[in-house]
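I am attaching a structure below and will ask some questions about it afterwards.
In this document, chain identifiers A, B, C and D correspond to the written order of the chains, with residue numbering beginning at 1 in each.
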Amino acid sequence: MTLTLDQARSIIDHTRAKGREMALKPLSVVVLDAGGHVLAFEREDGAAPGRFAIAHGKAYGAVMLGMAGTAQMARAEQQAYFMAAVNGVYGGQVVPVPGGVLLRSEAGVVIGAVGVTGDTSDNDAEAAMAGIRATGLNGEA
Amino acid sequence: MTLTLDQARSIIDHTRAKGREMALKPLSVVVLDAGGHVLAFEREDGAAPGRFAIAHGKAYGAVMLGMAGTAQMARAEQQAYFMAAVNGVYGGQVVPVPGGVLLRSEAGVVIGAVGVTGDTSDNDAEAAMAGIRATGLNGEA
Amino acid sequence: MTLTLDQARSIIDHTRAKGREMALKPLSVVVLDAGGHVLAFEREDGAAPGRFAIAHGKAYGAVMLGMAGTAQMARAEQQAYFMAAVNGVYGGQVVPVPGGVLLRSEAGVVIGAVGVTGDTSDNDAEAAMAGIRATGLNGEA
Amino acid sequence: MTLTLDQARSIIDHTRAKGREMALKPLSVVVLDAGGHVLAFEREDGAAPGRFAIAHGKAYGAVMLGMAGTAQMARAEQQAYFMAAVNGVYGGQVVPVPGGVLLRSEAGVVIGAVGVTGDTSDNDAEAAMAGIRATGLNGEA
């Protein structure tokens, strides 16, 4: 199963809608495919200019490691040097905190990831999960 | 004048519509703000996975140099080593060909740039210009 | 609202004057625009040669994250691996300590940042705030 | 002889004044010390955001090679691969065109360099030379 641009757009739209419903700060949302490559991205007005890199880093680490943001954060807290080394091999592109959410097919295969940043990491993840569910896909935060 | 996400989305929508009208290959379209930071991006189904970097490189060089893709290509053809050096100082992120289009305010100030990739450079630029005009903004290809 | 070079020069002049008034070590002061790009910089005689990168790193992180140095330091103390990861995605250019001060418009929008280095981080920040106030702008340290 | 900040500021002021006298496009001017480290920089309103890197690249190559921009350009035209290799060892930070001007003491020792960008390379160099002369120093373009 290959993630489509229409699905990516739907995830972004519904993630942003959830952010407004929860009254979060301006969000930035990226969707990556199964290879960790960018399909779609939007940065809401008022967000800091560098938010693409943070959103991308959350989603990129999730795809490349096959591990969602919550699990990455747990690992970083247990073994900071391990996640630092992981970042070495991935060119510094991994941001290991909640808000990086894996997308899985019905069969459990990773088909991409969503990265959300702008509010607290937990709120970012909650908005992403809402966007994924509203698109009829399975997320793992 | 600050480019909004709604304007960026409109540019992308209309650029893609023009691509379909011209029967172009799948397009990837990025919109950057006046500081060269990503506002929005979409990659159409069927495009190669690495298209974000190409679209970004076309738009990024335009903003950073204040010079659109057509002018960058002319300079690269006259002084290849100069554009190579420019790419050095910008971390290799500049793709100096048409399809990188400056966005200017009524007063002529650069407010961002659009980067399109997927078909020929000239077709990419034509689609970008159509998307910009349909959004009521001024483009310089 | 766009920060002008005259404003940037005024911030630098008044920050340096405050440094002399406080009898601080030689200061280096950078002013970045809303996209994180350098508008103006001065390094006082006697400062170490590498001070541009430190001043820049304080201001750059502030703009890119929309978070001033004091808040960045707090986050770094709580989640060291997070700020390390942030530095990865920004190419190692973030120095998360006081002395990176956000510039905000009357409406609260970030219009740039000031980075000061040379004395203690707290003294650097105090000098920056004095320079910003004397220029009639709003700072967030 | 060590270049002072006051001399650097004077060079920048007089270079900019020359630019206005010649009706050049907005200029960006950097002054580096004898070690190739930034002493002072200013970017005039209306210049593209990425101009620091270009100005810096012109001056940096001049100091590091002990060769002004005109001589670097001649070498690049004769041996493009050589200047490309030079850029490899200097991390891509050299922009080998006029506008990078060496500063020499009375005894002929390199004490720093000036980098100017914004107009044609030749006009950039002319403005730099005027700024250097008005400061009572010797320039080599």
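Everything below uses one rule, namely that a residue touches a chain if its C-beta (ideal position, glycine included) is under 8 Å from a C-beta of that chain, and two chains touch if they have at least 3 such contacts.
Keep in mind that this is a model prediction, so the values were computed, not measured.
Between the chain pairs A-B and A-C, more C-beta pairs are in contact across A-C. One inter-chain figure worth recording: chain A and chain B are separated by 25 Å, centre to centre, where each centre is the mean of the chain's CA atoms.
Measuring from the averaged C-alpha position of chain B to that of chain C gives a distance of 31 Å. Inter-chain centre distance (chain A to chain C, centres taken as mean C-alpha positions): 30 Å. Among the residues of chain D, those touching two or more other chains are numbered 49-50.
Inter-chain contacts occur between A-B, A-C, B-C, B-D, C-D. Touching chain C in their complex are the following residues of chain D: 2, 4-5, 8-9, 33, 35, 37-45, 49-50, 52. Partner chain B is touched in their complex by these residues of chain C: 33-37, 91.
Residues 34-36, 63-67, 79-82, 84-92, 109-110 of chain B are the ones that touch chain D when the two sit in their complex. Listing the residues of chain D that touch chain B in their complex gives 46-50, 53-54, 56-57, 76-77, 80, 83-84, 87, 91-97.
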